[in-house]
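You will see two complexes here that share chain A, one where it goes with chain B and one where it goes with chain C.
For the complex of A and B:
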């Protein structure tokens, strides 16, 4: 997959940070910065930055090989309920799948998503790891 | 104006390494024309559906090149691309042309060449059905959602993961009787532990195969069907609805866009599905088949597995699981199979007046329904 600098630069708020779109009309929230509320269509929304903490609510250990993913397999993909409420999809990394469970507390960390060839552009973005107790 | 399917033809779904897309389409078109008694020069519109030709074949707007290569000299030609529901959208376009009186004879052609590259490249292409800027860029793939949905279904309804394979076993039983199905063999539960893992707990036994195929439907208004004998198959209505992405849904085991589309089409046309009505649904993964027949209100929530043995006309062609899934063509394969069933040329006899084809892109992201009726 060829990588685009401009596409990824525009997406930096959704992949270097986590934002929640909160609707001032219907009161619902959704992960990612959005122009309108996906639930009611209102443009009366505000964007709040998430702390990047949440709870794993579902996950799978994936062996599905796609171009560029070979070195990351098997990988864990899951649904995380952010402490701010909405659910976000993402990869759970740096973890033994046998030690995971739905309800594991997780935090967002910056990791490599992919590169377009061994010497090409690299996309970095947020994945999740089990919370490190400090 | 009413819309009728007066001819249809398909190729075997397979890895057709030796044939290009034009060859597959030519076979399907020839069958549909022979079936209808019409000639290629009669066709007013050529509506082509394909999901991935730009990515796989490096070809945009294949309709132009199909028309140029296959002798459509005076035909209007266009391409419809709408992910996994491309074929249903193409038929809807043809339906609108007929209903509005803008055309009387429209050829709808769907195709996909999925076997041109190794599976890991095709898997990347197929994953484009999800939202690139959010899911694709993170390498989230369709079977990973299917896996999480299956786990939630098992947890919520207390069914066993092994029970869900009953769907796939039934699909393979049907595909054995379908000469153009890709996987014409039976499977059994004892294969589950040895099946290739895709995304836990989804295995090859739960998933559609990768394959090529082409399908053609010739649709006309009643001015053409007046001269025809035998049962007529009408496209009564086509409806659809869009869902939220999986991670924004309150309940990932409920396909609410399928349910919403069904509510629209059933109330408008005063029909109700039950276990004896022929339905052809998008079992991209076996768990999706279960969720669809629940969303179509054929079975209660969490009860689909109990219904399977009572549904003799469920995916009679073997479904996506075993007939295969040449993406841009799949909804047209579904309609072809239902037309054969309703006109008495299928392997099973069906007396019902209506049938329904269901397709969707991704896990119910965009669901489409095609309602057919038989007129004798």
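For the complex of A and C:
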């Protein structure tokens, strides 16, 4: 799958950071920047940057091959509940799928996602790793 | 001029070591070396970046830890330097990717520096100059490398991956203030990688005496002379670590007992992280240092040059250690891999794709 450089560049901020929409009316949080609260429909919302910490709810292993990402297979794709509340889908890296377990504490890290070809652009974005002790 | 006047210092520091390790003996066995070679240079294992890691991703992690410790607004950072000899792009800066991903101001100086293993410390010196001149409030210097080695070359026993980052700012906010900084540079053909060449070449007998030892000894002696200090005035001494043996040897030459050098040694367990090597050693020492202690750090880069930097630790260090992963925590986080996995991770296996 060939990436669009212009689309990637326009969405850069969303690849490099995780945003959470917090509703000032109902108090609930939702993943990503939204103009409206998906829980109550209010437009009285604020956008916060997530600290990138959360808990793995569940995960699966994907062997699906896309052009430019062959070297990263297999991929572990997980559901992560951020500490701010929302649940997002994210790739889990630095793990052996056979040793991974739900409820693992994770942190977001910048990693390579794919590359168009050896001469093309490298696409960076956030993935998750088991949290480094601190 | 070595005297910095305590006007700037380290506000925050960060480290990164990839999770994967390969035993040095496995590399030696792969190529039919006598396995005792690993003992002769004190190399036990080295860190290996995963397939989705590179200088940018590791530098980002170290820099983010430095910002977490510093607690400053990224928009106040006016300079970002990345010292590396393993740029993901030959043309396109790594520093801009890291800066944007961290939300650092767009009003900044931002560049990648190359001087073999000491470009990261040159970044520290540039950041110090910019802060002390008043041109910027904070400057970020990162040393990050996924070091290359020709498979089967003795260099493969040590060349590894890692990153360290230092946020430089006003002395009043610092965990360690700069007392003095000097650099000694000559044209010495000890190690190089030609443009377009995949692996570096080393000048055999040139790597030790005329390069590493001569430059570090010259830089450290220059610093001590200009500051009026002697080796006994320092509590710790950290040197560039191409292997585990050289830093102890150069420490002896300069009159530093083993006890002052060992706390900053990291290479026997993670390999030579090139631009992060001495800077990771400094991070490790800072994390266990006490206010009032004086630390010497002397990075070296082939080609060749060495820096000698003296810092004095302040009481602010104690509250900032726990705000990000420590070097000890990163050292103990590891998964062993085989030579085949290492070859896959470091892209040593050619595949036809598509």
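Odds and ends about this structure:
Rule of thumb we're sticking to: the second predicted complex is superposed on the first by the 124 of 134 C-alpha atoms of A that agree within 3 Å, B and C clash if a C-alpha of one lies under 4 Å from a C-alpha of the other, contacts with A are read in each partner's own complex, and residues count from 1 in each chain.
Simple rule for what comes next: contacts are C-beta pairs under 8 Å (C-beta built on N, C-alpha and C of every residue); 3 or more make two chains touch, one makes a residue touch a chain.
The structure presented is a predicted model; accordingly, all values stated were derived computationally and were not measured.
Superposition model on chain A: chain B and chain C are shown accommodated side by side without a clash. In the superposition on chain A, A:30 makes contact with chain B only, while chain C stays out of contact range. By the touch criterion defined above, A:122 reaches chain C but does not reach chain B.
With both structures placed on the common chain, the touch criterion links A:16 to chain C but leaves chain B unconnected.
In the superposition on chain A, contact of A:111 is made with chain C only, not with chain B.
Contact comparison for chain A: of chain B and chain C, B touches the greater number of residues.
Angle at the C-alpha centre of chain A formed with the centres of chain B and chain C, after superposition on chain A: 150°, rounded to the nearest 10.
Shared-chain residue A:90: touches chain B; no touch with chain C. Taking all C-alpha atoms of chain B against all those of chain C in the superposed arrangement, the shortest distance found is 9 Å.
Residues 67, 70, 72, 113 of chain A lie at the contact with chain B in one complex and at the contact with chain C in the other.
Chain A meets chain C in the complex at residues 12, 16-17, 49, 67, 70-72, 93-94, 96, 109-113, 122, 124, 127, 129, 132-134.
Only residues 1, 7-8, 11, 14-15, 30-32, 38-39, 58-70, 72, 75, 77-79, 86-91, 113-114, 123, 125 of chain A touch chain B when the two sit together in their complex.
Interface of chain C with chain A (complex): residues 19, 50-54, 56-57, 60-61, 88-89, 97, 100-101, 103, 322-326, 329-330, 333, 335, 344, 347, 351, 353-354. Against chain A, in their complex, chain B makes its touches with residues 119-121, 123-124, 127, 133-135, 137-141, 143-144, 147-148, 151-152, 197-202, 244, 246-248, 252.
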